[in-house]
């Protein structure tokens, strides 16, 4: 297993008291697997990703990346907020991770190509505050790609994109994933996105339980809502709905 | 017309040069109308809302709200970023606009009720950094409702919400709108959302042209993908797609 | 009890370093490597401190009064000026250069002017204190106010907030970190100000005491006064730092959590 | 030409206020309401300035050297200390109290020690300058570093950045506004420091000149030196402010846009 | 004492000392303590200056009625159009001697050639040293002069200078010896410097015009106090100590030695206490003019006045 989370529990201080956020979570992703996590707002998906990439330590349990305990830097991570450094241009933001790895020069060409791919090469020298929300999100996504890591954790990478751009990004992402053979764990609210991209979908219930759904559709998958895809989306929807809304809180 | 934008053009400085963002835009909303704006990322939807609520002045053209030139404060505005004040608790963030209007006391009860409605009353005293992305967005939405304005401009209010929560918010929003008879202009990337909620949908094309699509479905509308709704969504999608992706840039 | 323990835990390194330093210092003086009339031994200072504790307490109280008065006036004046400059750009252009000039003039050169205007009352000392302490407050507060986030301002504007409300609800809270930097500096400087003020003419206060002791080459006396002045300065700084900590308690909660957990990894 | 015009447009209010003030001052002195041996008239100061311009220039150059040397050393030392304290909490606990103490000690009381260690060379003045200028830098830089945004740090950590890289790429840029507040204060203080340093013993410099003139009861001479000291202080401050402005140019671009447009409404 | 004399009937006279209270002021405190001032209808308010020249400026500006200062400074002031008048000489001879370490190779001023002399920010010292060296046959241009700020003693003790000008034989010399750095002093009067009055009482010209009578009374009371000091120095010192003890203890041994040195220098012989000589004023004025300390000669007759003829 390239990524593994065993019996992980985690609590956070809220108003002076520790409140359990995650209880006894088990999760894993095989090499080259694409896993999505879905679940209601506030159930702890983002927290899970932070734990997964080693930014926080679990209270209990173990997290392994490529059979090593997860430490920051072992995997690529795209946070939910775009977190572009406001004093850096788009290009310099993209080259942040290469800089950290002392590969700034080598990666510049790649960064330019990626920027071109998402249609933002005109903004290479712009500052983040000169971009729209969706543009910023695309930059943050490219920045994560440029970490060049085997395992990527993505927190709602396409949430701020319009349907068209999103669809384009999905197709590109699928191609990229196949080509580079990365292991990807993706948090999303878009059921269609999760079905289109992943091998396996994890539903994180507000109760703290997790549920797995395999996506056994052939690749490359249809971009429109084919009957199989629609069916799966409906299944997922019913899975989430089976707990009443109020029970989250 | 409760809201009216006549021949509006607007440009912004990018890298020292002014670049036109909006060209000759016409837009309006009748009293009690629900209008959605959709369009690709970076076409200027957010900029349009900023102009609409008077935060920026157009280079050319005129913007009226209730037949008066639009000035800040004339309408409620929910920005794309949540912009919760980090040093204020959730409740104090909600009461920001009432404070500005010197109605803090009167609105407290209302704020509590709204918080209850979106299932976040347990977080009344929490600080924004203790909330998940979706939670923050809901607070920002409530904050806009609490401005109590007749006309509301909402910039992707439900983008960070999971399907379930979003659906619930949609239904609530529809009820609210009917009940309070507000005029609402909503920017969104979710075609289903726009169809479910609005009377009229404006497509903002990258070329700068706008296109109108009326949604003549009866209310209350079906929450699931009924054939009519699906049809409309497909129409919308084709409208957006008819310009090639590249042409944005 | 626990608080004392915590204090020792936090500051044992400083205490150790201090003890080491004091030891070395004592040794240097005792062995005559450092002339005691230039830098007296700690033991000598301590002795002088005890012998003259009543007089010193009397003088310390006088300095304390001047310092606190000057600090409060400087804080009020400094913040008001910074805010006024922030609101009225033209005021900034008119007054900032003057404020700068006021700082570069050596105060001793002004001593006759101070005496001329304020005589030998407590106000001459307070005036010097204010003059010295208010500059860092003005600069820090003004800078802090200018480094707010425009997006939040827009949000407030969209709610129809007046400039004053935007100031109160966004710009002021955002200026607080910078403001507190200035306040901490001013807290220390106000003690210096009172000391200098006393040199310009006084009949009480630690500055006066130290100057007279210096005139009669009583280095122990000078340094016992300095010791108390330092103590006073540190107390003021500590109080300001405490106020700052309280103000940012909402931030602390979070840091606590993360540090606790992160530290394990490092 | 345009720059000069812009300057006048920006500062005409200050210039007007200054001219008014100078006029009043001249009048007060000329009519004998203010004794000219305590505060000489602007015209007298100007005259003395011109008459002694060569000597004054010579002394100004000496003070300039001390100031710039002291300022640079203070900046380097202050930033290094702040950074070191930020990296090593234990260092902060050991050294911060000492830094505080160093500020509350009246420098005049330390003058014998300075003389002992540095003699009457330029270094005694530089030492005083450093002592005075480095405190605001330490406090501002340290505070600035501590007020970074934790989320950005986490982002860098996720990229496997070392502490030093996180510092360079996130914490340092975020500390810049606060750092510049400190630098601006220090720029002004270093002129004061050099002046005081010269009082402790010197044979050149504006501080020395002013004291000499004061000793020969030549008030015009004293104030012409003070005038140059003020000018020096303002130049240093201006240079620091300019550096700050350059640093935040990326922000300016945006402000420009918004101000231009927003101002129309107000 | 007459019990009927209420405080409100007393006239307030403020005096700014040249420095903090010490043995040289014993007469003033004696006169206060013994009620001599009160008998003359005067209540004295003693103040201390921040800087050597503040007394002159503040007395001229009317912020204090009387002040103690140095004769050469009075000449300088008048040359700068600061209207002060000397009312009486408290110390009749220079206390400011050139000092060199006891083991120094400097024996007469010309030995200072190629050496470094420190002085405390008062340019008169330059004139003194140069005059002395020149008078002794040396070249004053070969003597380096360094302003050593406030602190004479550390400069000397740490051997940063070879000699100092500006130290008093009744204070610095005693203290230096006490701290283990004994010095030899060279009297400037023996080397061409006019025998000036080290300490004089001054008022402003305006003040003198208005309050001549009052100042005469003041001086009378002060003279009585000074007489007591001459006759019972121990007693007078104790009064000073007692007065000062409240806020500040003086070093009694030092002050005793100091007074012993001072008494003969304050004695005006057959003339009344404080008597000033026209010749002395002329000489000082001329000397300062020759040494470039003043740009124009002053009218010495206006510079002083003898309150009691």
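A few points about this structure:
Order of writing sets the chain letters: A, B, C, D and E. Residues in each chain are counted from 1.
Note that a contact is a pair of C-beta atoms (placed from the backbone, for glycine too) under 8 Å apart; a residue touches a chain by one contact, two chains touch by 3 or more.
Nothing here was measured: the structure is a model prediction, and the numbers come from that model.
With steps allowed only between chains in touch, the distance from subunit B over to subunit E comes to 2.
The set of chains touching subunit C and also touching subunit E is given as D. Chains joined by the most contact pairs: C-D.
With centres set at the average Cα position, the gap from subunit D to subunit E is 39 Å.
Subunit C and subunit D, compared by their mean Cα positions, are separated by 17 Å. Mean C-alpha position of subunit A lies 86 Å from that of subunit E. Subunit D has its Cα centroid 49 Å from the Cα centroid of subunit A.
The set of subunit A residues that touch two or more partner chains comprises 12, 15, 54, 71-72, 81, 130.
Multi-chain contact residues of subunit C, defined as those touching 2 or more other chains: 35, 38, 108, 112, 116, 199, 211, 253-254, 258.
Contact of a single residue of subunit E with at least two other chains is seen at positions 51, 57, 61, 153-154, 158. For subunit B in complex with subunit C, the residues that touch the partner chain are 50, 53-55, 72-77, 79, 81, 83, 85-87, 96-97, 99-101, 127, 129-130, 147. Residues 10-11, 13-14, 17-18, 38-39, 90, 93-98, 100-101, 103-106, 108-109, 112-113, 116, 135-136, 139-140, 143-144, 147, 150, 177-178, 180-182, 184-185, 188-189, 191-192, 195-196, 199, 207, 210, 214, 222-223, 226, 229-230, 232-234, 237, 254-255, 258 of subunit D are the ones touching subunit C in the complex. For subunit C in complex with subunit B, the touching residues are 151-152, 154-161, 165, 169-170, 173, 250-251, 253-254. Those residues of subunit B lying in contact with subunit A across their complex are 12, 14-15, 38-42, 44-46, 80-81, 119-122, 125-126, 130-135, 138, 156, 159-166, 168, 189-191, 237, 240-241, 245-246, 248-249. Across the complex, subunit D meets subunit E through its residues 35-38, 108, 111-112, 115-116, 119-120, 199-203, 208, 211-212, 214-219.
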